[in-house]
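Paired with chain B in one complex and with chain C in the other, chain A is shared by the two complexes that follow.
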Partner chain A sequence: MASAPSKLYADDVSLLMVLLDTNPFFWSSSSLPFSVFLSHVLTFLNSILLLNQLNQVVVIATGYNSCSYIYDSSTSTNQGSDNGRMPARCVNLLQKLEEFVIKDEQLIKEGLREGIASSLLSGSLSMALCYIQRVFRSGPLHPQPRILCLQGSSDGPEQYVAIMNAIFSAQRSMIRIDSCYMGSSNSAFLQQASYITGGVYLKPQQPNGLFQYLSTVFATDLHSRAFLQLPKSLGVDFRASCFCHKKTIDLGYICSVCLSIFCKHHKKCSTCGSVFGQAQSDVNSTSNKKRKTPET
Partner chain B sequence: MSCRQVVKRASYKSKIKDPGTPGVLTMTENKFVFRPNDPSSAAKFDVEFKHITGHKNTKEGTDKPPWLNLSDKDRCYIFEFGSFHDLHVCRDFVGNALAKSGEAAKASSAAKTTSEKSGVTLPDEQLSTAEMQLRMKLLQEDSELQKLHMQFVISGVLTESEFWATRKKLLDGDSRTKSKQRVGFRSSMILDTKPMTDGRMNKVTFNLTPEIKYQIFALKPAVHQAFLTLVPSKMTEKDFWTKYFRAEYLHSTRNAVAAAAEAAEDEELAIFLKEDAILASEARRKIRRVDPTLDMEADQGDDYTHLPDHGIFRDGSKDVMELQNELYRRTLSQDLNRQGAVVLQGRTVDVDLEDPRTVAEALMQSRRESDESAEQDRLDRITRMTEIEDLQEHHDHPVAQLCIKDPRDYFDTQQVNALKTLDDSRTGTEQKKCSLTTEEAYGSLREAISKIKSIGLKNSTVAPEIAITVLNGLTQNISSTKYQLGKNPQDSVLDSLPNKTKEELLHHWMSIQELLRHFWSSYPITTTYLSTKVGRLKDAMSQIYRQLEEIKQSDFRHQVSLLVRPMHQALDAAFQHFDADLQKRAARSGGETPNGNS
Partner chain C sequence: MPQVRIIAKNFMDMVAALPAMKLDKLYENAFICEAILRSLPPLAKKYVLQMLCIEVPVTAKSMEEWVLPDGVSKHRVAIDRLIQLRIFTETVDRKRETTYTLNPIFQTNLKKLLLYGVVLPREPMPSNVTVRLPSSEDLEAFALEQWECFLLQLINSSQIERPSNISSSMMKIFQRGLLSQRDKEAPRLTESGFQFLLMDTNAQLWYIIREYISNSEERGVDSADLISFLLELSFHVTGEAYNINTLTEVQKNTIKDLADLGLVKLQQGRKDSWFIPTRLATNLSVSLTDSSSRKQGFVVVETNFRLYAYSTSKLHCEILRLFSRVEYQLPNLIVGAITKESLYSAFENGITADQIISFLQQNAHPRVAERVPSVPENVTDQIRLWETDLNRVEMTPAYHYDGFPSRDLFEGASDFARGYNALLWEDPEDSKKMSLVVKAENHVHMREYLSRQRQ
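And then the complex of A and B:
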């Protein structure tokens, strides 16, 4: 790793982990073309690297079937075909991205799954956290890490447990997860991720002004954030997915031992194996249900 | 209170100017009786102490005669005594009697606030004077507490004991802080107690107090040891100390030769003159225990004693010694270090200092204990020092504590949800429909990538008009009141209100908390006492509920209602529970309502 201890990391040096959603099903139906989105993001990444010489940017592609590191500013050299239209690092990034998309497409041939078009956010979150942990262990001096999710596709309830685990480990390591959601409705996962880790959740109202949003809200380092008024998340959707059918529910049963969530009453907890006693009466069983969001 | 009754000759005055009616004053535990000498006089009375709210007396040494003034609500009784001694006896008796009758003690120390409360206190409450005074003190220190006390105890919503039952911690905590401070050793060197000479005779006087004896034992384990073995089997205590100070004197003359000569003659004296063997062995042990990271040689270079006249009058560098008398030499640094060590250690024994024998034994005991803990300390330090670096986890990586967030946060984030879920359900579905096949979708994605590769980054990524709308939108979003109200702990809604409303609200909040605490702690209702108490609390709460409604009508309706709402909710919950519980109990007891107000 290039983060040599000789470097002087001040508190405003950032390590920005960008999780780039490359879900083809989302982008083919999105109002914002992927090429425009990419140009905004690339400009944003360039400006991050220009903000501070020691800033580091890592890009992870969140695909439909896989995830992959596609860019790391600390390892990539700036040499390459600088064709005058864009910096070499962008060319490298796009090259890697194209390779990733091709590989991702090959993977889909095997297990054909239609219907839910969500990306593997849990995978890319875990990869980002692993990378940050490596940076943490590299020495006492390291840039301040944060994760920025640029997500477009809708939540995959089947990833609920994995994503929540990633969120909680990020919270525990005091890593903030910022999220910029490009989809039409709000993403409950990203709302919760930002809310729990103290990051910023933003859903741009003007998708073609994305760069403006990114540079206004997400460009500031963690230290400077203390002095800024950033958008706060309102209306966080705290609904959970049940562990049995991976459905998003707002009312359900919770295992009293391991806190697993179920949409139906089970005799036995599928997670920890605790045997539940029969509910005494109907009145009691409804009172066991916990409401996660207030009724409209 | 040694005597149950005091009888004194005194004259009674209804006013200060009154010449007075001579007679006999009899005080018993709960009342005082005055019988005039002249049986026909009207000035006879029989007053119970519990009506007395205050007592004053004239001070000895002033030009006033010895008067005792006892006052109740509407009149006062002035007694003139024959002497101040009589006055003091009576005053003490009255003080005790008032304290014993409980509420009177309160009245006397905080007459201004609590004079009207005497009727409320339950007569069966047996409280010690100290406890009463503690409560008074707490009330005086905390005006909010006093307000609550006034509001609920005096109006009869809560009884005195109920009020304090929820504040046991306050009562405990205060008594803990009252415990007397432990006195340590003085840091001046006891060994430097200069002998007093009267100049004319060849006599030297040393001052010796139990305190000094204790310090000597602590400072010099050898003397301590010698005391335990020699006194009283071999010599008396007096002889022991005489000998000790003789040795001290020899030291102070700094005549090592003389000291050596004397020591040769008297073996007991030698004990005091020689280097303290126990101390020496202890020092050796301590050196072994020194933290390995400490550079002792560097420390030695740091000391100041080589500077002339630095420090105390006994300068170690001036002690020029012949080698054979080395044994009888004591250096300043040794003394200084020992003194410092003992002072830092503090008092280890807590016994009466009068008897040196018990002090000596107690000290021995404590020394043994500290040796054991020191050994454990050493082992701990060794394990800490010998940690293997490779096996250590990273100390530097910060980890957040798992915490339960402020519940207010949660509700704040939820308030928009109500509106949003409607939007989501409308717009959410349209996007998921993806007409393209997998190949087409991936194809378009690749196309987009190659497109940007060929075009490159444009000069202006965002059109200026869009940029300004984005900025405006963000600014509006952030500065909207919806975000601000109650969010920032620095400027809360409360601060934006005028002081009067603010205080009123705060007071109501305090009162509600107090009432609710009592309310919920009374459930489940098992006795009639509890049910009447709950009834009382409910009435008080509904009164506050109405008052809150009134505040809501003020100019700052919007902000106030934000603050009042949680209070109302809490009260509503209590009322609901009250009614439900009442119905349940009514049903159980077959329609018979215990309170009459179902």
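And then the complex of A and C:
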């Protein structure tokens, strides 16, 4: 699975997949306005493309209900800037973004969900991984891929399984996931994603200086990372969500066959169908409860 | 091929060697800033980006804090390069603290690029004026043909159909170092000439452009102007037409030479004339970096030492002829064989086995390029073996001494020669004959020693 990076390519050619959180519920309550955030990100994208002519940037919008590719530097041409000041690159991106947000909003009206307003991170992560797999298969020459999650909204525990699967497949393909979390408290999902794949997790202390964070930390190509001291996360929240109610739990039950996690005792595993012995479970429930937090 | 690296680096060294005034003037052009930025080592690129929004000097100490122990040497290289190119200014203040500031002109230009994106150096002409624009395939073919024609002329091949318009004096300059001219003899390719032919197109192009630039002062053209124009040209869009009247007088003269090299195609309309950059021109700034070009290969080497080259190019045929026996030529196929004789003649001309092998590997046909190794191992091994065959006998001029009057004198002399590390051979101990062979360069010492002993 692991694809060896090609030696024929220059060391610092990178393919950057940017996952852009467009969740309206988060940005309406954020201290940093979305427009300012976007201008920082656009400048950052420009700088990545400036660094090497072979660098490639793909932007995927992570919405509330859907996600979509909104920009790919390899297909869009840099021509036809009609309104003087704005470069064609930004015009294209913003147009696509607007279309996406409108479409995403329509989906919300169709089926409004209760609970935390989290974005569909699992979807955009999978899309990014699919794109990278396609690049891997395109031939022996390809840029070094990495994923950057620009996330603001809080974790959706219901996506736990999908996100963890995406993280592990990224780990298998040796794709690093960097995450820059704009929300108020830390995101356990992104902390785990960066920790497992060897990426960088950063929560900017001063969101107004986002570009400086992005250009100092996240613009660093994989080749240079071997020589640099990048921010290390102090602690990673390894808590998992249960499969039955999608709640984040500290203690729970694990299926001894397929390792599915449950917050309550079940007679039968809902994932693999194994029947659990229940002789002692009612009598001596504390001893049967397993600490499910992995220590590693 | 290591030569490629050296040439690309030499170009940047050439920029770095420009006087400070010229260098600062060069940075006024945003495209130069971009091209220079792209040519920097990865770590240096990162430092520039990091410093872009910082107006105050940054201390060297705080920059070093970012570097892991493993990366200190890389860090030094990056900083040295930045200072050499005058992108960073180093100042040491009263407290002996070193600080760095980004070149302000460079900084503002890069900031503009970041905020407004990359703007084209000049607007392409509207399509209603330029009616007969060549398709990208035609343009590609034109560029290749032009470049090959130039190369064939460069190596004085008899295969040239039509000579290009490059003046013979210019050609002489390009040929300097590549061809050796002996009296009354046809010019022969030198060792570096052969190596030049085996390089990839980008590296060759840079070699020629470098000669062209270093020679510019003689033609009354400022080398900084020329560099900036060439770099600017590389940011034009391939296949678009640009009005020639937007160029200065000097640039107009330059572009005619570039058209002969296949970098641009000139076209004449009813009123205006325009130039169309080809891929060769837009790749100019690419070759600044170490990345190798992604050219499609054409050579298939079989385990029986046969060579099939799917190419219509005469130049390819000429190159293959350097180290193989071309057996027959079909319209799109050259069939040859790598033989001992053909390789020996290549080695005699100064081509090394590694160069031949890397040429075969780099130009491997896509079908075989997927395989590992792309050139059969028995072939590469044999090529190397034949090369070492030639190096089996080493010649050292030497003197032979014999007829020593006594065993003591003989042993003393052999010890003396050993002291100079000059003893090549001596008679075995048990032999009656006492003779030894010593390097010729130490003959004077030997003679002195022997005459001293005789007294």
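FYI, the second predicted complex is superposed on the first by the 269 of 296 C-alpha atoms of A that agree within 3 Å, B and C clash if a C-alpha of one lies under 4 Å from a C-alpha of the other, contacts with A are read in each partner's own complex, and residues count from 1 in each chain.
Here, a residue touches a chain if its C-beta (ideal position, glycine included) is under 8 Å from a C-beta of that chain, and two chains touch if they have at least 3 such contacts.
Keep in mind that what you see is a predicted model, and the values were worked out from it rather than measured.
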First (chain B), second (chain C), both or neither touched by A:Ser29: first
Partner chain in contact with A:Gln212 - chain B first, chain C second, else both or neither: both
Residues of chain A touched, compared between chain B and chain C (which is higher): B
Contacts of A:Asp221 with chain B and chain C, given as first, second, both or neither: second
Touched partner set for A:Ile254, first chain B, second chain C, both or neither: neither
Touched partner set for A:Asp12, first chain B, second chain C, both or neither: second
Chain B versus chain C as contact partner of A:Gln229, first or second or both or neither: both
Partner chain in contact with A:Ala162 - chain B first, chain C second, else both or neither: neither
First (chain B), second (chain C), both or neither touched by A:Cys244: neither
First, second, both or neither for A:Asn52, with chain B first and chain C second: second
Chain B and chain C footprints on chain A, overlapping residues: 43, 85-86, 90, 140, 211-212, 216, 229
Contacting residues of chain A [partner chain B, same complex]: 22, 24-30, 33-35, 38-40, 42-43, 83-86, 90-91, 94, 97-98, 101-102, 104-105, 108, 112, 117, 136-137, 140, 154, 171-174, 183-186, 195, 204-206, 208-213, 216-217, 229-238, 293-294, 296
Interface residues, chain B side, partner chain A - complex: 394, 396-400, 402, 410, 412-424, 427-428, 430-436, 438-442, 444-446, 448-453, 455-458, 461-463, 466-467, 469-471, 473-474, 477-479, 482-483, 487
Residues on chain A engaged by chain C in the complex (per definition of touch): 8-13, 43, 46-47, 49-54, 78-79, 81, 85-90, 140-141, 211-212, 215-216, 219-221, 223-224, 226-229
Contact set on chain C toward chain A in their complex: 34, 37-38, 42-43, 45-46, 49-50, 52-53, 65-68, 70-71, 74-75, 110, 113-120, 237, 285-286, 289-292, 294, 369-370
